[in-house]
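You will see chain A twice below: alongside chain B first, and alongside chain C after that.
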Partner chain A sequence: MSIEVKDVTFRYAPGTPLETTALEGISLSINKGEFVLISGAIGSGKSTLIRHLNGLLRPSSGQVTVDGIAAHGKKVKAKVGVLFQFPHQQLFGRTVFEDVAFGPGNFGLRNPELEKHVHDALEMLGLSQGICPISPFSLSGGQKRLVAIAGVLASRPDYIVLDEPLSGLDVGHKKSLLSALQLLSSKGTSVVVVSHQVSDLLSVAQRVFLLDRGSLVFSGTPAEYVRHSPPSMPEINFLMKELRSRGFDVRDDAFGIDDAFSEITRVLGLKGAVEE
Partner chain B sequence: MNTLLFRYVPGNSFLHRLDPRVKITGMMIVSISIFMSSSLRQLASVALIFFLLLLVSSISPKIIFDAVRPMLLFLAVILILQFFLMDGEPVFYIMGHDATYEGLRHGVLLTLRFLFLLMFASLLTATTTPSLVTVGMERMLRPLPLRKLGISSFDLATMVFLSLHFVPFLYGSFSHLRDAQISRGLDMRRNPFGAVYSLSVPMVRIAITSAEEVAVAMESRCYQGGHRSSLHAPVLQKKDLAALLAFSILVLALV
Partner chain C sequence: MIDIRKLRYNYPDGTLALDSVDLHIGRGEFLVIAGRNGSGKSSLVRHMNALLLPSEGFVSVNGLCTSQKKHHPDIRRAVGMVFQEPDSQFIGMTVEEDIAFGPENLGLPSSRIRELVDMSMTTLGISGLRYLSPRSLSGGQKQKVATAGVLAMEPECVIFDEVTSMLDPLSRQEVLGAIRRIHAGGTTVIHVTHRLEEAVDADRLVIMDSGRIVADDLPRNVFMEHDLEGYGIEMPVMVTLSKMLARAGFSGRRLALTKEELLEDICQLR
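Moving on, here comes the complex of A and B:
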């Protein structure tokens, strides 16, 4: 049970002067229940890679399979739920309920399960049920984005793929989204998140893939990622690196505020502060 | 995914380097002759001219085909309607309607005319940057007394430029949107009503908001109609005029 990407190369507009190689020789696999972060500079091919995971794009060479089925097969759309960048543009329903129910309804779910799936998805993201009868167009940008994410969660796919889900969310909703995703992943759903906001995700992700100009240049745990010192590293790790270079014996693979805090207090011998 | 719709394709062919005014005039001559042509033989000549130009332009036929493809369904509908709704000698008979020879002939002519117009237009936009199209058009409109109508030749050219700019932009938004809805399980064949609804509602919103955004962006950068200098000032050279002359003669002789 996994998504397997094997030696995938993809070119936009092949055979024209505008030909761009967006992915080159990418191989990776995403296992059941795994929480994966895909990072990389803008234009490095993250969104292009994601479009291969549910078969919207077919590789110029190489192959993608989902649970052993070719990714462009019909059944895959229900298995792999994908949310693209700028999802507030995809809303169309007369009510929030209608919009969130669009995906699960298309995959054959009917009331009363449909209603339950929709309500569960909204609740997971910290949205109140009172939002259901409202027109999605009267919501704020961030609320629209949450409703679009709920539309993917409500289908309860085996693999959830989200492109930049954190952009434009406040701290509270970021937290509730991340803990919802963590809960899903602990129950066996694979979660793939593309994000530039690496520091928010390193403490929840189990594996990190780093893309650079269409190639996979790193794959490993968050701790290994931080040690690899990629260009987009959380501020806290710059601090830890700096402390190390000044002779403090802190671990260089600590990430997240709590982790770093206990490292610093440990080195300074401030035992009491750790318990606080 | 198809983002090459009516887009400029960089190149350095003779057609690319030709003065935009010559290309626009050529386009007008061809359009007129396409609409005046009333036989398949004349349209065959138009096709010949098109393929000659395509060879000269070194644009891949795929780009032209991509521009035409979204219209094919529409053209097919026209063809079928003509086939059945025109009076004349019946060929066969379905559901109370005669399919006629005259209908077939007219339908084919009509669809071919549309097809060639689209093909020539995409050749023009593929070999000319949008800003050069604008400048060319603006220069050509300048002698007209448009001011009396309360509009400057520059306004008019900018309007055309913006429309050209919006074609690939809206098409890009459309494919993005289609990807999103397909990922949410939209099956266009099994649920055509859902497809139209879930695509058209957001598309109208995108079109309106982006038009508004462009307007605000232009205003905040102090756009005002009236006269503006332009980055490229096309200069008509002898070779441009010679090309136009040769092209006109070719069209007149063949069509």
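Moving on, here comes the complex of A and C:
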């Protein structure tokens, strides 16, 4: 059970003077239950790549399969749930319930299962059931985003793909979203997050893919990613790198604040290192 | 320049959005307003250019009270606002036309309009985009065009309402650089964000929670004296690390706000 991307190249406007290659010979696989981070600068092809995972775009050459089925097939739609970058633009229901229920309803789910799916999705994201009857448009920006994500979760897809889900979320919402995604992945749902907010995601992701101008330039664990010194590196890693360059013997694969803390206390010989 | 007293605001459905807010903003200040989603920050700044009017209390800009409709044109000319999603604000076919729209509406002579458009494009570093369609631009470029459009009206104060929240790190740095340049040029700047890293060099940091102001001080003091996690906002990562190190017996001479400060402190201890 996996998504397999094999030697995929994608060109916008092929055969015209405007032809641009957005993806070039990309091969990667996303396994069942895996938590994957796709990072890269704007225009690196991240969004184009994820549009291939549920068949919204078809490769110019190469192929994408989901559990062995071609990704543009109709059956794949229920397997891969995708949330795009401006999820509040995806909201349309008169009530939060209607909005979250739309996806699973469309896949043929009826009450009482439908209701259960909606409630479970809201609960997982830490949203109160009390918001079901209200209009999604009256919610705050962060809540709107979570409701849109709930709409994807409620269909219970095997693969969840989220484009920049953290932007605009405050710390509380961010934590509930990240823990919901971790829970899903531990239960066997694959989670693919596209983001440049790398610092929040390195501690939860199992694998990182880095795209640069349409090519896959790195694939590995978060620790390997940090050692690779990618362009979008969390500030903590810049600090660690600076410390190394000034002769402090700190690890080069430390990421996250706790790692940084224990490394700095260790090299400075602070006693607190043991207590904390 | 902006004076807010005992401001209370209820949404049309009756929910309380702002509760007894007092705030005085002086000319030339660089003020950051932070708070979790729904804490009232957007409602507060929308009172500063009369997009919202108080349910109780009052707001005045340059001594003009926002509840008097006849003052609205002057107030809105003095206080410009840039929003999170600039798309909805674009009017012109080209970047240049879009920026010229505001000053044209003020009925200025065309030579002056050209001056203002050039000046704001230079400040934002977007002269190269002049003939492009605003809709064809990246998120960061759009924010800069929207900002230039506001700047061309020569406001005394510009409010940035979460303009950086949808941007990638590089565009965010560029937009923040532009905001600092605008402030350095003497304009009062109010920057609404929930990333406190963006507040470290502000004159003042205001924290909102449940419609009230819960902190209003120099950023360094706010970081030292308040539990910001309780208000749903994350400390800048360097501040958290610096606090953790201080608890472990690290004797840096102050709370470090940035990577550079922390680095300096660590090197001095060696």
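Throughout what follows, the second predicted complex is superposed on the first by the 272 of 276 C-alpha atoms of A that agree within 3 Å, B and C clash if a C-alpha of one lies under 4 Å from a C-alpha of the other, contacts with A are read in each partner's own complex, and residues count from 1 in each chain.
Definition applied: a residue touches a chain if its C-beta (ideal position, glycine included) is under 8 Å from a C-beta of that chain, and two chains touch if they have at least 3 such contacts.
Small disclaimer: the values here were computed from a predicted structure and weren't measured.
**Q** Identify whether chain B and chain C fit side by side or clash on chain A in the overlaid structures.
**A** After superposition on chain A, which the two structures share, chain B runs into chain C.
**Q** Should A:D170 be classified as contacting the first partner (chain B), the second (chain C), both, or neither?
**A** So A:D170 only meets chain C here.
**Q** Is A:F209 touching the first partner chain B, the second partner chain C, both, or neither of them?
**A** neither
**Q** Of the two partner chains, chain B (first) and chain C (second), which one does A:P87 touch, if any: first, second, both, or neither?
**A** Once the two structures are laid over each other on A, A:P87 reaches chain B alone.
**Q** Should A:N106 be classified as contacting the first partner (chain B), the second (chain C), both, or neither?
**A** The answer is first: A:N106 touches chain B but not chain C.
**Q** More residues of chain A are touched by which chain, chain B or chain C?
**A** For chain A, the partner with the higher number of touched residues is C.
**Q** After lining up the shared chain so the two structures overlap, which partner does A:T265 touch, if you call chain B first and chain C second: first, second, both or neither?
**A** Once the two structures are laid over each other on A, A:T265 reaches chain C alone.
**Q** One more residue to check, A:Y159. First (chain B), second (chain C), both or neither?
**A** In the superposition, A:Y159 touches no partner, neither chain B nor chain C.
**Q** On chain A, what residues does chain B touch that chain C touches as well?
**A** In chain A, positions 86 sit in both the chain B and chain C interfaces.
**Q** Which of the residues in chain C come into contact with chain A in the complex?
**A** Spelled out, the residues of chain C in touch with chain A are 13, 35-38, 84-85, 138-140, 162, 165-166, 168-171, 194, 197, 229, 232-234, 237-238, 240-241, 244-245, 247-250, 259, 262-263, 266-267, 269-270.
**Q** For a test of understanding, state which residues of chain A touch chain C in their complex under the given definition.
**A** Interface residues on chain A, with respect to chain C: 41-43, 85-86, 138, 140-143, 164, 167-173, 196, 199, 232, 234-236, 238-239, 242-243, 246, 248, 257, 260-261, 264-265, 268, 270-273, 275-276.
**Q** Residues of chain A touching chain B in their complex?
**A** Contacts found on chain A: 12-13, 15-18, 51, 54, 56-57, 77-78, 81-84, 86-87, 89-92, 102-107, 137, 151-152, 155.
**Q** Where on chain B does chain A make contact in their complex?
**A** Residue positions touching the partner: 1, 3-4, 7, 9-11, 60, 62-63, 173, 176-177, 179-187, 191, 194, 197-199, 201-202, 205-206.
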